[in-house]
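Read the structure below first, then the notes.
Every chain is named by a letter (A, B, C and D) in the order it is written, and numbering of its residues begins at 1.
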Amino acid sequence: MFFLDHIWLIPLFPAFGAAVMFFFGRKLQKQTVSIVCVGMVALSFLWACGAVWQYQGWAEANHHQPFQKVMFTWLGTDTGHMNYTTHDGTLAPFQADAGFLLDPLSAIWLLFVTGVGLLIHIYSTGYMAHEGGYYRFFGYLNLFMFSMLTLIMGNNYALMFVGWEGVGLCSYLLIGFYFHRPAASAAANKAFIVNRIGDAGFLLGMFTIAWYFGSLRYVDVNLLARSGHFNIGDPIITAATLLLFVGACGKSAQLPLYVWLPDAMEGPTPVSALIHAATMVTAGVYMVARSNALFVLAPTSMKTVAIVGALTAIFAASIGLVQNDIKRVLAYSTVSQLGYMFLALGVGAFAAGVFHVFTHAFFKALLFLGAGSVIHAMSGEQDMRNMGHLAKKIPTTYRTILIATLAIAGIPPFAGFFSKDEILWQTWSSEGGAYRILWLVGFITALMTAFYMFRLVFLTFYGKPRMDHEVEHHIHESPKSMTVPLVVLAVCAVCAGWLGWPHSLGGSNRFEHYLDPVFAREAQVFQEEGKEAQLVAGEKEEKHTNPLEYGLMFLSVAAAGVGFGLARRYYAAADKGYAEPIEQAAPPVYRTLQNKYYVDEAYDYVFTGRRKIGDVRLGAMGLGEASSWVDAKVIDGTVNGAGRITRLSGKISSWWDKWIIDGLLVNGLALITHPLSWFARLLQWGLVQWYALVMVVGLVGFVAYYAWR
Amino acid sequence: MEALGQISTLHYLVLAAALFVLGVIGVLTRRNVVIILMSIELILNAVNLNLLAFSRLYGLHGQVFSIFVITDAAAEAAVGLGIIIAFFRNKETVNVDEVDLMKW
Amino acid sequence: MPDFLTAYLQSNVTPGEAGSAFWALIYVLIVFAGISVAVMAMNWLERKALAHFQIRLGPMRVGPHGLLQPIADAIKLLTKEDIVPSAADKFVFWLAPLIILCASFTTYIVVPFGRAHAITDLNIGILFMLGVSSLSVLGVVMAGWASNSHYPLLGALRSSAQMVSYEIAMGLAVVSAVLMTSLNPSGTGTLSMIGIVQAQEAQQTWFVFKFFPLGFIALGVFAIAMVAETNRAPFDLPEAESELTAGFHTEYSGLRWSLFMLGEYAAMIAVSSIAVTLWLGGWLRPFPHWLAGQSWDLVFSLFPGLLFLGLAAIAFVGVGRMPKHPYFKIQTAGLAGFGAVLGLIGVVLFIPPVRDRVQDIFWFIAKVAVFMYLYIWYRATFPRYRFDQLMKVGWKVLLPVALGVLLLTAVAGILF
Amino acid sequence: MQPVATTFFFYLLAGLAVLGGVLVITRRNAVHSALALILTLLSLAGLYLMLYAPFVAGVQIILYAGGIMVLFLFVIMLVSIEKSQKEEQFNKLWLVGLLAAIALGGLFIGVYVKGKALFPEAKVVLEEGNNTQGIADYLYGHYLFTFEIASLLLLVAIIGAVVMAKKRI
């Protein structure tokens, strides 16, 4: 139980690394920096493996309870000084522990965050080797690891919020890592500000939970939520979950707050891989999954999650169809895949959503790292229009990216096939016709995904070389420190999906069973109460092993094939000035997609106040300016007018006081007194020796009087 | 020598009176504060001489009192000189008639 | 007339008590001459001792082993041009060395070289000594101010601050010794120098050993304070060459400067005699009670003559070791003559009446000589204090210690 | 011991004392004034000895000449005297002051002459040998309270002097 008891060390290792970088980083050699930072993350990873392994044994003995390790009370006291009134009038102590919680859900996150994080750290030592601010980069990365681990290991919402804000900060710092580039700094600001909207939602949701349940601990909240005291559709819980979901939208880049993620690609590529693809952006998914007990009590919220997820998926995928920047394609792909995950959560397939997070972490990290490798080879070129014919020149990168593409496109037996298929099947098999529409949306998205991913592969690795001669000359395979993580991730991208091999294909779906202690109890509750529910996940699957599932499976594989075919047809032999098929077919659609549906422009008009018509500012800022004008001219004018009148009367009164009261009555009297008091002044002249003289004269007088009396 | 006669108490008293008057003149006429303080010492010594001259007639009490007077003089010198230093630091002068802040 | 002379010699009182102006004058002359000779000897001794501390020879040219060096120095100083700075305050400049000299020599009025060998015995003896020696501060301040120069002024300020500060610790240490004199059945103590020594005789102990270690600590405080009081190393800040060239007497030269030197050495001897009188039993010979009796008295009374004979023997050994070159003929003869004079004095000191009368003086001077040697030793050994350290030692160490010793002495006096 | 040549020494010391007093109040240079004052004080100490007050004489020397006057010299050196030497030495009231003081002196003489008969002719026998002990008996016996108050006065004076002279407390 050693690792489990000291589970608190897992986040502290990278924190230590970050602290070392903060205090001494400037003076350390690059090699030392690498050893310290990578070593700390490796320690975390090993410790996490040990802890999860020991948790298995512990859970067997403890009815699959979550393991909690409370270090100390972090906020609030035990003395009752910080009590607050909950909604039903009882007092609850405001208390947030510095406590850690380990259950299957956080175990999965723990493993892939530390694992993928370790690989990306190693990759970074190669990728960043020639960049300035090496120690700064690794310090931020370690700080990020600390925050992310705090987020997923905290045993209450408050501690989760600490990690939530910490990863936001690190995201900001790392997007703006090249702070001398205005675009990077603007992107960092954008990410931070957009996230702030989401964070406000999270905070409000958290407060609502505290007020409604009287505690912030997951264990307490889950216990109460599952106790049956609350009706399904309870308005307060609906509000709380919706607010939490706003937070998730911000962090996980869902509509309408997704706009920061594509811009976040301004950061270094390993950062994009680690933070903006594999780990941080899944924090929203984690939070919704963690709050599953609440979400199932709020069907409206579930529907919202599902619809927003589906819309985000297709929306982002459609933009990804026409992007030319290799990292942007991947960024929109990430947004789209996140949409998938939320779709799964929204239809109640929590385990499927988590499974997709798990597989996605590997292949999307791999894609980004591969893209980084390509960019490295291309001397910083990111535009796919200027690539081509790289397959032979960087074979390792090519092969690994191909594997990842196959995985994300949903080709069996790669990882993406299992998770994506699971999501689509769960969506289809949910109750109600409306969910079939969501399935259709997901299906079309899968088609688009296959198309743009293979477009990426063909434009990058096939066709004619379209780059400058200079650049072509320099193309080279990346160093070992970069390729080895690629290979490891490629193996994971192939194999990770096998953990969730579905029953319908003769597997046992171990992944979902592993998560049963977290999610399955919800299914139980619904079944027993016999209410209309949108899912009965665990049970349902075994019942519905019917031909339809195989049909749907075939359809999605066929969609991937169609995507591959289309991409091959249009891009396999792309030369300079190749034609975009969508542009040829429907130019307005192409322009719209190329401009990302003009969402940024719309935000500019409505919120940021950057647009003007004449002198009048538009949007929310314009409204502010207008009210400011009213305040300055009308309200203040009135106030100033009142002030002027007061001043005038004051002047009159002052004149009266100065000349009549002071002048005539006070000073006049004094002027008369002054000459009259001359004789009295002789006694107090202010000259010491005068006093002495008076004394002596008096002495003479007295002595003379007494002597000759 | 003998023409001047035996020295009596009156001789001492007259000498003390002379010193006293000299001290008073110093206090009343000099502008330099330090010299005024010294004149005060002169006055105190005249008093001491008086006390000792009378102690010749009435016993040791006068001597004891002169000890007290010397103690007093020491205290007075310490405080007075402290005041002079503070005064000099503020006004860059030691002239007593330039201390006229209280004068209207 | 011979009767007049012998009558006094056979009495056992000081000239002051005897009311004899003639003998008082004789004593004053003897003391003045003796102190002057002692200062010269001290000067020679200091240079030689310092030189040997530093593994060199010191004065060797003038006379055998530089014995005549002080005389040569004196002639040089007396014949030097007397320079008075043009911007100096002439009168005060002239007055300052005289004040120091007078203050130093006036103290000897009450120094008891023996039961009958003091010029007079004042009732307020120790108070008189402290008071008069404190007047030398005035001389220092006047010298520093009258020179109208920066270094002397700084030296004078330092010196006066130092002397005024250490006077307090010194006075408290003295008071604890005076308090010890009152530990007799009548309960009244004394300030008289002779009375203090007699009190030690009556109490059968030197005050340095009284209430051990109280007396010892008091002597220690006094011994430190007296070094500071005389501006000697390691408390020689007022004359620190490296900081103030020569302190308050920078602008002095020739005769006036030699007056300062004379005054300084005379003051050293004076304060040492205070220490000897107060704590080391003054003229009392060692172990007067343990080694009592007629024969022991005789043995101890032989010491002065033996000392001089020993010195004569050293001189004659020196004669034997003189180079045999004709150039050294005069020097060899001179040394032999000096040895002969010493031997003669030694022989005279064995004459019983002289022996009885002189042994007090011998023991007193021997004890003082120890302190004088300590002065030289300090100078050779200790580095100079910094001024703030000096003040700290004076006010924060010596003063509380002396006060504590005084209180404990009072308590011990009541208890025992 | 019996004072010798009383008349001569009285006139000598009295003359020196008065001379010193006159110099104190007439000198331009404050250092010279202080030295003149020391002369007066030492002459007075001699007179005290003649008045059978050796202890007071000793205290006079050690405290006045050795202590207070050094303090005076110190302060005179601290406050620059060049400027004050060039200024007017006497204030505008000097004539009035002089006249008043002389009137006071005349008055004293007149009073002494008039009241001469009041003094007892017989002098008290003062044991010179026990002078210090006698004073001590009075100080710690009859005047103990006064003595304590004097010590309090000194304490207050110490604090006062420090407060006055220190630049910043």
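Everything below uses one rule, namely that a residue touches a chain if its C-beta (ideal position, glycine included) is under 8 Å from a C-beta of that chain, and two chains touch if they have at least 3 such contacts.
Computed from a predicted model, the values in this text were never measured in an experiment.
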Closest chain to global C-alpha mean, per-chain Cα centroids: A
Whole-Å gap separating subunit C and subunit D, where each centre is the average of the chain's CA atoms: 32
Length of the line joining the C-alpha centres of subunit A and subunit D, rounded to whole Å: 91
Chain centre separation in whole Å, for subunit B relative to subunit A (CA means): 89
Multi-partner residues of subunit D (at least 2 other chains): 55, 59, 67, 74, 91, 93, 96-97, 100-101, 104, 131
Multi-chain contact sites of subunit A, meaning residues that touch two or more partners: 689, 693, 696
Multi-partner residues of subunit B (at least 2 other chains): 24, 28-29, 96-97
Every chain pair meeting the contact rule: A-B, A-D, B-D, C-D
Subunit B partner contacts - residues on subunit D that touch it in the complex: 5-8, 10-11, 14, 17-18, 21-22, 24-25, 27, 30, 33-34, 37, 40-41, 44, 47-48, 51-53, 55-56, 59-60, 63-64, 67-68, 71-72, 74-76, 78-79, 83-84, 87-94, 96-98, 100-102, 104-105, 108-109, 112, 116, 119-120, 123-124, 126, 131, 134-135, 138-139, 143, 146, 150, 153-154, 156-158, 160-165, 167
Touching residues (chain side subunit C, partner subunit D) in the complex: 16-17, 19, 21, 89, 91-92, 95, 120, 122-124, 127-128, 130-132, 134-135, 137-138, 141-142, 145, 153, 156-157, 160-161, 164, 167, 188, 191
Residue numbers on subunit D that touch subunit A, as the complex places them: 91, 93, 96-97, 100-101, 103-104, 107, 110-111, 114
Touch list for subunit B against partner subunit A, complex: 24, 27-29, 36, 96-97, 99-100, 102-104
Contact set on subunit A toward subunit B in their complex: 681, 685-689, 692-693, 696
